[in-house]
Amino acid sequence: MAFDSFSAFIAMGGHGPYVWICYAVFTLFMVGLGLWSRRQQKAVLRSHKQRLSREQNGAANQGAAPASFTRIHPS
Amino acid sequence: MWQFIRQLFHKFGSPKWFYGIASKMMPWLLGIGLILLLAGLVWGLAFAPAERLQGNSYRIIFIHVPSAFLAQSIYIMMAVTAVVTLVWRMKLADLFVRAVAPVGAVLTFLALFTGAVWGKPTWGTWWVWDARLTSMLILLFLYFGVIVLMSAITDEKSSARAVAVLVLVGVVNIPIIKYSVEWWNTLHQPATFKLTDKPSMAPEMWVPLLLSVLGLYLLFGWLACLRMQTEILKREHRTRWVRDLATAEGN
Amino acid sequence: MTPKVPAMPLAVVRVSAWRAMALVVRRDLRASLRQRQDLLNPLLFFFMVVTLFPLGVSPEVSFLQQAGSGILWVAALLSTLLSLDHLFRHDFDDGTLEQMVLQPQPLFLLVLAKSVAHWLLTGLPLVMLAPVLGVMLHLDGNSIAILCLTLLIGTPVLSLIGAIGAALTLGLRAGGVLLSLLIIPLYIPVLIFGTGTVAAAANGAPVGGYLALMMAFLVLAITLAPFASAAALRISLSNS
Amino acid sequence: MSEPMLKAVNLQCERGDRILFQGLDVSIVPGTITRVEGPNGAGKTTLLRILAGLNDSYTGDLFWCGEPRAWQREVFHRNLLYIGHRPGIKPLLTPLENLRALSAVRRPLSDGALCQALDGTGLQGYYHVQCRNLSAGQQRRVALARLLVSDEPLWILDEAFTALDYHGVAGLEQLLVEHAASGGAVVITTHHDLDLPGMARLKLGVGEPMNDA
């Protein structure tokens, strides 16, 4: 152990704020990156699932319907 | 023979195969990576001796150097896969660059941030136009360019190939940039003393450093697998196996 | 079903790549000279950006002497960047680019010719305007001479590297801004050595080595950049 | 039966989520006119650009005179004349300059021959007018004048009849038939109701959504 006490460990000989800010930001970003990537994957899977159930329920319309170009008369 | 190589190549290039392998490897990557990184950081923070000149502020090295190191290696890895994308048009290579570029940018940012905070007790200012920091800043710009181009081109295949060209051009430039920034630095302010690059480092210092570098590497492997899986799921959403996966795991 | 017609004889490639390159340069110069305003714009921009520094920072002789070469280099870099967006865009819009890709000559050489034409139309005028602005920034004669020399070697590099970005961002919506973001980091070494050489000359140091290094950049850019631009062009055209 | 000039085997092209076509085999034989047909968005232009070598985001193999095309790009492009949606005419140059620039990199021709070609497309008296002052149909004619002095056996024409008037269409049809009769080959898309003797049709359907790959 390079420090005599826990408070000395926190203080880091006066350089504590700098060191701890760095470690905090590093942890924050790495954890954030991990969680964000995790959530992205979950979201993709969820949207796939929704789309699949939609396709199963509704009639799957394949391709574009032929255009009729009939005029529409809004009342 | 040729046929055999081609088949092998196809197998390794198959997204489905990769998805399975990645799922198996990821817990190990995450577990061992975390253990190594934590061991390195705790050792570095609490047990390694203080540095003679800088005191305890040098303990930032245990995250600064791994971040910087990894940020640079990620760009190199991207360049290698860019060659694969352009020459063999392998799907997985396309996905790798797409998945990993944001990670590289974040690590570059962390290297810059920790470097800047480290500079405050060492040089007395938050930002010094030091050669290392400046090169890292330019690397960050390169990453931004890649990410911006990636999102600007909607067609996935064209996007992957265009980004591959950009990454290769960037990787040719990196040594030139490094060299010129160092030369520029000596021209303007002869460096009094640098943050890292100590002539001799005690084993109690470099062993934890090595541990955290290794740990971060493995964690990056985990992140890369995870993010590539996501890209695979996005791109292969019409295939049966992804459909099955979605119905099974979507809950 | 198939009619029995003897096939037409195949045509052979007769026109050399050099001739085709010369034709590309000539066509670009001719078209640009009919649209002179486009030629003038980067020069005006160069002039105005340089004027901003004495107004925005300080008109003191000592400051301008110290910062002059850097200001001129940055302004030249920015105006090159501004003009790059047009490098392939007009050709892309009117279909000339497709025809260039279909020419029976290596595409990278034709792209090299396009870059040469671009330099002749923007880089060279910038180099010629630089001495006037150098005098306005109180640079001494020796510095101005070295500055022009570095610009003369450096601006072709800017055109060649810029062509890669122009090719990559072809047909994209925010093409112009995107182009700058991609290319500026790649311009940094040229900028550093361009201004560094002038600074070294001002300190009385020999500059032969630095100029040789810049020539090496130029050679490297000539040999490598056209390949990257050609690859990027093919990708952009595939996407359109 | 003559050898196919250009042959495509097992072409597949995707755009976004859709497969435009897959397992498509195309043979372009000398002496034929092939019309590529299909509704909007079926991939007609994409197919033509793939055949011309402008689009390389496809899978499959392409052969020129029996050899892989990628090995002989320059020879292939020397023997191909492609006119796309965008005709490749610079608005700032005159018709004569445009035509000269386009032909000089393939086969240098005298100005006399080029002027004759412009005459043949009805552009007498417009030799020295900048193309930006011409109408869309006239600009199209400048591009089509290349056909009149072409020695390339393979013509790929995308929407060749766009912006042409009645006489222009008739003349161009005649030109295509003559080119095929003399041993050349034409690949064409058009919305114009084209029915030439011996014309082959290549029908592209609406792309299907991708299923199990």
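What to note about this one:
Going by the order they are written in, the chains are A, B, C and D; count residues from 1 in each one.
To be clear about the criterion, a residue touches a chain if its C-beta (ideal position, glycine included) is under 8 Å from a C-beta of that chain, and two chains touch if they have at least 3 such contacts.
It should be emphasised that the depicted structure is a prediction, and the values quoted were computed from it without experimental measurement.
The greatest number of inter-chain C-beta pairs in contact is found between C-D.
Each chain gets a centre from its C-alpha atoms; the one nearest the centre of all protein C-alpha atoms is C.
Rounded to whole angstrom units, the spacing between the C-alpha centres of chain B and chain C is 32.
Centres computed as Cα averages put chain A at a distance of 47 Å from chain D.
With each centre defined as the average position of its C-alpha atoms, the distance from chain A to chain B rounds to 19 Å. Centroids of chain A and chain C (each the mean of its C-alpha atoms) stand 41 Å apart.
Each of residues 57, 209 in chain D touches at least two other chains. Residue positions of chain A touching 2 or more other chains: there are none. The multi-chain contact residues of chain B, meaning those touching 2 or more other chains, are 155, 158.
Residue ranges of chain B in contact with chain C, taken from their complex: 86, 138, 141-142, 144-145, 148-149, 152-153, 155, 158, 161-162, 165-166, 168-170, 172-173, 176-177, 179-181, 183-184, 187. Across the complex, chain A meets chain B through its residues 1-3, 9, 12-16, 18-19, 21-23, 25-26, 29-30, 33-34, 37-38, 40-41, 44-46, 48-49, 51-52. On the side of chain C, the complex with chain D involves touching residues 1-15, 19-20, 23, 27, 30-31, 34-35, 90-91, 93-96, 98-99, 101-106, 234, 237-239.
Those residues of chain B whose C-beta lies close enough to touch chain D in the complex are 155, 157-158, 236, 238-240. Against chain B, the residues of chain D that register as touching in their complex are 14-17, 57, 209-213.
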